[in-house]
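Quick one: the structure is below, and I'll ask about it shortly.
Chain nomenclature is as follows: A, B, C and D, assigned in order of appearance, with residue numbering initiated at 1 for each chain independently.
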C-alpha cells in the first residue's frame, strides 16, 4: 500500500559525510537569507523578532517577565547546599556560573552527549539527592538561573575529534529532519520550512536560536518548560508518541540544534506565546 | 505524554500550587462566598458585577449607568493576541477627575475582567494582562466626574498548535 | 527547499483512509478481537522500535480494549484493525524516512 | 521565604511608577486538569497598594485576569526610600502582604 505515498519525494540525496562546520554555516545563511532584516542575534528571540504586533506584546511582557518567579526559585535552589554539604556549584566548571553556552557537551568517557539538564540530575544523584522531573518546575528553575548567568554569551558547542561525537551530531540532525507522527511533520517542517508563518495564528519560531532562549515560560503551558518539554511537546503536536526525556535521540537533537546556533547569544530564560 | 508533577519543592508556597499543564479551555466563575475581610468599606469588592454574564449587565451592576464612547479614552490592545491566556491591555485617558477604570471582555463567560479604583493623586492609566476565551471586543470604561466614558477594540484570539 | 510536504501528507492520509475503511467490514468474536488486537500491538511495538509511534495508534488500541471489555467485539475488532493500519503507516513512515530526510536538509 | 509579590516602584520627578507581578494560579473554574476534573476557581479578588497610610490604587479582579497577574500604574508623590505596602486577598481567603521600597 505504501509505495505510492512517498513517490513525490525527490531522490536528490547528497553526500553522506557529515561536516558540522559547513552545516552550521549553511543553516545560519538559510535563516538570514529568509529574514534579511534580522541580525543573527535577533533569532534568539524567536517569533517575536518576526512580527511587529507580537514584538510589542513581548516588550510589554519583558517589563516584568513571567519567568521571574522561576528564576528566583532557581537562584535560591542553586545556592542551597545538598544534605551532604556540597552544592550544584561543585559539579560544574566555574561553579556553574556563565556556562550554559557550553552545553550540551560530548562526554568522551561515556561516548554520549550530556545536556545541562542531564548534568544537573547527575549532580543531584552523585550527591545522594533524587533526580528532578526533566520537563518543568525545579529543572526549569535551575536551568533558568544557569541561563540567566550566561546571557549574552554565544553558544560554543564543541564536537571533539571522536567518531562517536560526529555520529551523535549526525543522529541529531537525522532526528531533526525526519518526519514523524500522524501529521507527517519533522521539526524542520515547522521551524525551517515555515518559520514566520502562522499555524492557527501562532507564529512559528525559526529553528536557529530556538534553544538559546531555553527554558521558557510559555503562555500556552501557563508555566515554565525545559528543552525536554519543548521536544516532547513538539512530538505530541505532530501526533507522535514522545520519547522519554533525555532519550539518546533527544540528547543528540539538542547537540545538533545547539551546534548549528553556535555564535548566537544565550537569551534564556525566555517568554513565549 | 506523561508530565509528572513533582511534589512541591521547599521553595514553593501552598497557595501558589501550580495548575497542571492544561490548555485554556474556557473561562468563567462559580459563585464564591468569601469576601475580602480586610478591605476598607469604600473599597468593597464588587462581587455581583463580576458574576454578570453580559457586558451591559456588568456595567449596570458596577456603576448603575451607561457609558458613552469617547476618544479621550485610549485603549491599547494587540490586534491578534499571541495567546488568549495572556493578553496585554492598557488604558489611559486625558479626562479629568477619574475615579475608576474597568475592563470588560464581551465574549468571556463573565464580561467584567478587572476594575481599578483610582484615588485622587493617582494617574488615570493602568496596564494589565487578561485572559480571553476567544476573539472579542474589549471595552475600557473610565469613570470621570461621575460619568462613564468608553473605548472598544477587537482583539483576535486563536489557540495555537505547533507554535512558539 | 522541496515543496513535497503537503503532497506526501495527503497521500499518507488517503492510504490510511483506505486501510481504515476496509477494516470496518470485519465482524467478530472475542477470538477475532484477540487476534486483531495482538496484530495491532505487534505492529505498534515495531513502530516503537523504530522510535516512531503515533498517539492515534495508542488511542485506537485503548478504544478497542474498551469496546472488548464492554463485550462489543465487532467494534473491538474494527478498532484493532484501525490501530494496526495506523501502526503500519507509522512503520512505513519511519522506514521511508530513513533516507528521505536527507532531501530537506539545508546544505 | 520569598513573597508571592514582586514590586518595582520607581520615583521620577513628581510621580512614582509601580509595577507588580504576583504569583497566583488565577484559576477560572472552567479549566480541567490532566485527569479531566474541573480545577475550582481560585483567584485574587482584591489587590491594594498603600502609600503613606492611604490607598493609592485598588485592583478588583475577576477570573479573567491572567495567571501570575501583572499590573502597572503611577501615582503623584512618593519619594525614594519610602515604603509602599502591597496586599492581596483571594476568593479562598488567602492573603499575602509585602512592603517595597520606592527607588
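Assume a contact is a pair of C-beta atoms (placed from the backbone, for glycine too) under 8 Å apart; a residue touches a chain by one contact, two chains touch by 3 or more.
Just so we're clear, the structure is a prediction, and the values are computed from it rather than from any experiment.
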Review point. If you count the C-beta pairs in contact for each pair of chains, which pair comes out on top?
Key: B-D
Point to revise | Whole-Å gap between the CA centroids of chain B and chain D | key: 13
**Study point:** Rounded Å distance between chain A and chain B, as computed from the means of their C-alpha atoms
**Key:** 34
Exercise for review: Can you check how far apart chain A and chain D are, centre to centre, with Cα atoms defining each centre and the answer in Å?
Suggested key: 33
Review point. What parts of chain C, by residue number, touch at least two of the other chains?
Key: none
Exercise for review: Pull out every residue in chain A that's touching 2 or more other chains.
Suggested key: 66, 73, 76, 185, 222, 236
Revision key, fill the gap. Two or more other chains are touched by the chain B residues 3, 11, 18-19, 21-24, 85-86, 127, 129
Practice item. Provide the full list of chain pairs in touch. Key: A-B, A-C, A-D, B-D
**Study point:** chain A residues touching chain D - in the complex, by the definition given at the top
**Key:** 63-64, 66, 68-69, 72-73, 76, 222
Check your understanding: Any idea which chain B residues touch chain D in the complex?
Key -> 3, 11, 13, 15-30, 32, 34-40, 43, 45-47, 50, 85-87, 90, 105, 108-110, 112-119, 121-123, 125-132
Point to revise | Residues of chain D that touch chain A when the two form their complex | key: 2, 6, 8, 19-21, 23, 67-68, 70, 72
Exercise for review: Flag every residue of chain D that touches chain B in the complex, lowest number first.
Suggested key: 1-2, 4, 15, 23-34, 39-41, 43, 45-46, 48, 54-67, 69-77, 87, 89-96
**Study point:** Touching residues on chain B, where the partner in the complex is chain A
**Key:** 1, 3-6, 9, 11-12, 18-19, 21-24, 78-83, 85-86, 88, 127, 129, 156, 158-164
